[in-house]
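In the two assemblies presented below, chain A is common to both, partnered first by chain B and then by chain C.
Moving on to the complex of A and B:
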């Protein structure tokens, strides 16, 4: 069998999940967007994604392949794993953006300090200091902590809104600069998330 | 994952926690962060302008034990060094001293970046030409 051919009947497979001619299951595509038949966009329609997920779940369920060729049984297992991982990533706007960034060659995991704007670090540092003072204070600071939590949550909402706008920008232009901005905002959001975790820890203590 | 005794020692008794006057002309401040783990680290040096020797070093780190220990150790090492000697501190020195496991090496990188950022800030303030090596590559 050559690449791009159905393993069973050797007709052109054209990256379809099933061969158009003999209907046998093909080796699944590993790219999540391609697997779900979606364009590589940062904004996606979550309802459409969910529909695709349910539809593919039915088509690919390993139970349907128990009487089929070993190869199809293997492919259905592989495809189901990609389906679940892909759905988990694509339905989450942050994970989805990280996926696109990684695909576009951005190093998401290990970033050096140069990638983080100093103003953001200063802001995060000050917020952490303020939070620490609240937590270590002798008197009851519950109201202030709750106030801080709602402020951080508002900051997260703002970050999400900015991300949504940046997503639109990249989807429309495909320019790398807009992805740089996406990564910056994702970093900021990550710090805000940490602050929320910290303040919630303090509130539940 | 178990922390080494040295990490625990620095974590439980961090040296030189605090801050120096950011506005002073002989104080250099570096704030660095690692978005993937959400750590943020501030490191400051106070330099004697006549001798170029670091007389005081302070840090404050919000992050894991290894990040705190790395920056605590860095401030210990910085005191008494000249600014140029300070730039020779490598993250691998910190890794070796604290026996950091591979997953925590980025904490030592953060500390090295913080030293460089603080020295660079001092040099800019003091009007010392900043060599290419000092600028964060």
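Moving on to the complex of A and C:
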């Protein structure tokens, strides 16, 4: 079998899930957007995505291939893993943007603690004090932490709104500059997210 | 006597049965034309107690007979072995305090239990139960059964799943799929027919507790989140009551019975009966007769409920977590399904109803619903059911060990399976030719708090300066929830060999050895069954020929034909008590041949008589 050919009947395959001639399952595509038949956009209609996910699940799931050739069973497992992995990434606006960023050659790594957004510096300093007090048994800081939590949540909402606007910008223009802005906002959002997690952990302990 | 036979066996396709391998009871079901049905055992009971005993004659018995042996021969009998599946010696210390498991030999990664003078691993014990279910199914369906779907608690980890799959292989079953018990129950209820919606399945069985939340949409059962406790079940209630009764007896009789296997098992049975009765009666009297003495104690439902409340509360925290993971508030749950014998307890039902604010479904028998669902899944796999599809999740996050004894998470819990993650590894020192990867399951950050799954050794890396090698490792959790690992050397562009050292459980070689041993035994089983069937057939033909010899037609035969019949009869009688079923069959055929002419004559006589009696 050569690349670009159906493994079963050797007809030309055109990156389809199934061979158009013999209908056998082909080696799946690994690009999540291509797999779902979607354009590379940052904004996605989640209901449409879910519909595609269910439809593809019915076509590809290993349960449907137990009586088929080993090759097709392997491809079905492979394809369903890509489908599920892709669905997890594409339905989440943050993971989706990280996927596009990586695809476009940006480094997407762990947010480092040192990279505190400058406008948050003072806030984080006070928060850390309050967290330490709570750990050492001072429950009087609870209201302060609860208040911080709702403030951070509001900041996360704002970040999400800004991201939405930036997504639109990139979807329309496809310019690299707009992706640089997306990455900056994503880093900031991740930082806020970590703060929320920390406060929630402290409050529930 | 001479008859015609039509063989249908070739036109049938391989049947797949559904098996619920439970802590307390196990059962097998199959898909009848339209609905799943449970197959009863030899004694007509649908439930086969998950109890295995080795008789003094060295014979393995399973189910109700073994349940009797639990009292007469507690040291040769094992129950609740599911609690030990996929576990190491170090994590069963708690279990050993409460259960009469006898661990034989330590130091190995695989637990061995002694049963009389023999030792078996937990998968081998489970395989005895599976083999009994296989036999029951074969007897009822009249065909060999080789393929099965087996259910496991949703919260089972990789090692526990692998151990269950191993048990299937040892029992001579091709395990087509491991299905999570709560998901199977949702399938059995067929709630998808009514409408789209969200369903919570609360599964409180003998030894395990599971909670799963599913979204139903056009025949798709999508699990949103799952949670549970693999060591929480009705057993814990039994042990609690047993402990109280033993203490009570000690203060009354001034006698500690806790080391006396027979007394403990008799008392345990009494306690379980009391628990069962308290689900329908307001009060019961626990009676225990032993060595001429009698212990009686009244137990009311309010007292019982107060005792078990902490156990039931332990099920509610995972439920709340699970709703949180699914991102749902209780009012978004449309239906609740109850599964497992422990959900018969009124306090359990009330607690579930309060938590989910919905009246739970109890229409299907909670002991059977999982097996029925497994049969539906079996029919999905064989293609007989095409309008349903299960999308399940992995219950635990998957991670790899990184520096400082920390775990780096690569796949989160509640990810829909099959799921995969890819990581690139490199070497730390110059000339390094292998990389060891430690894979763990769990939600905690430290290696010591997670469950070690396996160590994968990437071998045969081309020597190069440190950090230059690039080995891409793909972690794939399949539809059974079991991890598969493959690796590629990105620089050389070739597949990389991976050597797996499972932290718990049997190696492939060990499973192979057990399969070989069990095939011998299965062969014996098979031989014996064949012999029994041949004798039944021989009985029938012997009786028929004996009767025919009174017939006039017999005396109308040539003497040589009569001699042939007499010889056939005698030769069949000679081999009848032998061990060779093939010989018995051969002699049956021979006698059939010899009586062919007699049968013909009798038929003619009958026809002639009938004609004589008819006016034309």
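In this section, the second predicted complex is superposed on the first by the 174 of 205 C-alpha atoms of A that agree within 3 Å, B and C clash if a C-alpha of one lies under 4 Å from a C-alpha of the other, contacts with A are read in each partner's own complex, and residues count from 1 in each chain.
Everything that follows uses one rule, which is that a residue touches a chain if its C-beta (ideal position, glycine included) is under 8 Å from a C-beta of that chain, and two chains touch if they have at least 3 such contacts.
Just so it is clear, the structure is predicted and the values come from calculations on it, not from any experiment.
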(message) After the superposition on A, what does A:173 contact: first (chain B), second (chain C), both or neither?
(response) neither
(request) Kindly classify A:63 by the partners it touches after superposition: chain B alone (first), chain C alone (second), both, or neither? (result) second
(message) Under the stated touch criterion, which partner chain does A:128 make contact with: chain B (first), chain C (second), both, or neither?
(response) first
(request) Would you sort A:150 into first (chain B), second (chain C), both or neither based on which partner it touches? (result) neither
(request) Examine A:85 and indicate which partner it touches, taking first as chain B and second as chain C; both and neither are also allowed. (result) second
(message) Which partner chains sit in contact with A:54 here, chain B, chain C, both or neither? Use first/second/both/neither.
(response) second
(request) Could you let me know whether more residues of chain A are touched by chain B or by chain C? (result) B
(message) Touch test for A:118: chain B only (first), chain C only (second), both, or neither?
(response) first
(request) Would you sort A:194 into first (chain B), second (chain C), both or neither based on which partner it touches? (result) first
(request) Provide the residue numbers of chain C that touch chain A in the complex, in ascending order. (result) 176-177, 217-218, 220, 377, 380-383, 389-391, 415-421, 476, 478-479
(message) For a test of understanding, state which residues of chain A touch chain B in their complex under the given definition.
(response) 108-116, 118, 120-122, 124-125, 128-129, 132, 186-187, 190-191, 193-194
(request) Give every residue of chain B touching chain A within the complex, in rising order. (result) 31-36, 38, 40, 42, 60, 62, 106, 109-110, 113-114, 117, 136-137
(request) Over in the complex, which chain A residues touch chain C? Could you list them? (result) 54, 57-58, 61-64, 66-67, 77, 80-82, 84-85, 87-88
